[in-house]
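Single-structure report; data block below.
We call the chains A, B and C, going by the order they appear; numbering starts again at 1 in every chain.
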C-alpha cells in the first residue's frame, strides 16, 4: 500500500482550522469548521459539488478570506497575527510570509502562457525566493524531469497537452518547497486518457512522504490508494473521516453511503 | 478660365504644408506618449481597492471624456498663464491632447487587464509573488499585446484631431492651410491638399491596424 | 490581491460624488487667480444663448448621420460590387480626416469655383457633422448586419423571401438592437464635435464663451462653466448608453 510512516508524524498538525466560517452571499459554505492535517499526512476530501471542499483549499491558499475562525499553518496563524497575546488581522506582509509554506495545483492549470515550461517553474523561485538564476534553472530541470517532461523545457503551454500542462503546474508548485501541497480537482479538466500520467506523478509524491498533501478529487480509486485519511465533506461540515478502507468499505453515515452509491453507479 | 486646380500653386505651397504636417506629427507622437503612460496610471488607479483613489479618478476621467477637446484646449491655454505657467502653445496643446486621450487609453487598459484570465491571478497568489511582480511579470505581459490595435486606432484618431490645435495658434497642418488661404485668397488648393495629406497618413495606418486586429483575433 | 470587478458597489457612489466635488473644487481654485466680484452665474445666460445652435447642430447632424449611416452601411453589405465600392470610398474618405478639416472645406472651399455652393455656417456645420459621423455609423451598421447569424439568412432563403423582404423583416430588426450602444457613443462624440463649429463662426455655446473671454475676461469661470455645461449634456447620454448595454446583455 503506502509507506506512510504514520509513527514518524510530528504531533503538531501542519494545518489547523479552528472554527473557520466562510459565507458567500447568503450561503454559508464553511460552518465553524475544525480540521487538522498532520505534517506528512496525505488527505483526500471527497463530497458532492457545492459542499465547500474546494473552499477549504482556497481559504488556506489565501484566495478567499474567512469570515470567522483562525487558520494555523505550521503553528502560526495565517490570516491573523499574535500581538501581545491577542489575535489581530494580518497584514499583506504577514500573509506572504506564511503563504510560502503552501502550494497549490489548480483544476485549469493556470500556467503562464507567455513563458516556456522552464520559465514557468523558475519564475517564482527567482523572483519570490530570490534564488540565483543558475540554481533555479538546475532545480527546475530536475523537477521537470521528475514529472517526465525533461524534453519539453522550452515548450510553451500552448504546445503541451492537458496532462503535460498539469505536470508542469505540479513542478512549478513544487519548486517553492511548500510544506503543504493542495490539489484542487487537478484531473477533472483532463481527457480521460491523460488522467493517468498526472495521477502517477501525484502517487510518486505521496510515496516520497515529505510534504503534507490535501487533495480534492473525484478519483475514488486513486484516493483510496494514496491517502492516509479520507474526509467526506457535505454542506460545509465534515460528515465522516477515517482510513480509506473504513470510509469506502464501511461508511457509518447515511449521507456518506448515499454519496458513494451514487458515484459508483457508473 | 480660372483654373480648377492650380497645380503650380500646389507645388508652391506644398513645402509649407509639409512643414505644418511635421508639426502635426510631432504633436501627435508626443501626445500619444503622454496618453499611453497616463492611461496606464489612470487605469491602475481606477482599479485601486482604495475608494479615495479610485472614485475621484473615475469622476475626473468621466468628466474629461464628456467634454470636447477644443474646450479643454481653450481652458488650459487661457487659464494656465494666470498661474504664472507660461508654456509655448505647442506644449500646452500636446499636454491637453495627451490628457484627453489618456482617459480613452485608460479604458483600453482596463478592458485589457480585465481580459486576463482570472486563474492567472490565482496562480500568482499561490506562488506568493509580490504585487509588483504579479503586475510586471504576469499580468501586464499578457494584457498589453492585445491592446495594440485599440491603441493604434487612438493614435490615428489623435493625428486627425490634432487639427484642433489651430485654435490655440499651434502652426500645425490645418492652421498652415488656412493661413495660406487668408494670405492668398485661394482656399481650394491648401485646404483640399491638407485633407489629402491627412488621408494619405491615416488611411494606410488604419489598414495596418486592421491587419493587427485580424492577427490578434486569430490567435485568441 | 484580487482581480477587481469593474462594477462599482452602490455605497461607493459617496466617493464618486466626492470626486465630482473635487473637480468642482479644482475649478473653484482657479477662481483664486482672479477673485470674482460676483458669482459666475451671471455668465450663464450669455453662454446659454448659444445653446440653441448647439442643439440644432446636434439634432441636425444626428439626423443626417443616421440616414447616411443606414444608406451607406446597407450599401456596404449588398452583393453589388459597384455600390459597395462607392460607399466604401465615401466611408474611407470621411474617416480619413477630422470633422474640422471637413467643416473648413465645406465652409471655405464649396462657395468657390468650381462648386459655387454657398452654405450658411449652420448648414455647413450640420453637413460636415452628418457626413463624418455618418461614415463611422456606416461601419457600425455594416458590422451589425454581418454579425447576424448565417442561419437566419439561410432560413429566409428557404422560405423564398426576396432580399428586400429578408433585409426588412429579418436582418434589420435584429441588427438594430446591436447598433444602439455604438450609435449612442457616436451621438456623444457628435455633441462634443459641435464645439468645432465655433471655429467657423457659428454662435454655439463655445463661440459664446470665446466671445465672452474677449469682452469680459474672467477666463477660468467662462471656460469652466462651458466644460460643466458640456458635461451635463453628455454624461446623461453616457449613462443612457450603459443602461442600454446592460439591458441588451440580459435580453440575449
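Quick notes
The rule is simple: a residue touches a chain if its C-beta (ideal position, glycine included) is under 8 Å from a C-beta of that chain, and two chains touch if they have at least 3 such contacts.
Owing to the predicted nature of the structure, the values given are computational and were not obtained by experimental measurement.
In terms of inter-chain touching, the protein chains here are arranged end to end in an open line. Overall, the chain located most centrally, as judged by its C-alpha mean against the mean of all protein C-alpha atoms, is B. Chain B and chain C have Cα centroids lying 18 Å from one another. Here the CA centre of chain A is 54 Å from the CA centre of chain C. The mean-CA centres of chain A and chain B are about 48 angstrom from one another, to the nearest whole unit.
Shared interface positions of chain A, defined as residues touching 2 or more other chains, are absent.
Annotation for chain B: residues 125, 131 touch two or more other chains. Residues 1-4, 6, 8, 12, 15-16, 18-20, 22-23, 30, 33-34, 92-93, 95-98, 100-102, 104-105, 108-109, 112-114, 188, 192-193, 195-196, 198-199, 206, 209-210, 213, 219-220, 223-224, 226-227, 230-231, 234-235, 238 of chain C touch chain B in their complex.
Listing the residues of chain B that touch chain A in their complex gives 117, 119-120, 122-123, 125-131, 133, 137-138, 141-142. Those residues of chain A whose C-beta lies close enough to touch chain B in the complex are 61-63, 92, 96, 99-100, 102-104, 106, 108-114, 123-124, 127-128, 169, 172-173, 176. Within the complex formed with chain C, the chain B residues making contact are 2, 4, 47, 49, 51-52, 54-60, 62-63, 65-72, 74-75, 78-79, 82-83, 110, 113-114, 116, 118, 121, 124-125, 131, 134, 160-161, 163-164, 166-167, 174, 177-178, 181, 187-188, 191-192, 194-195, 198-199, 202-203, 206.
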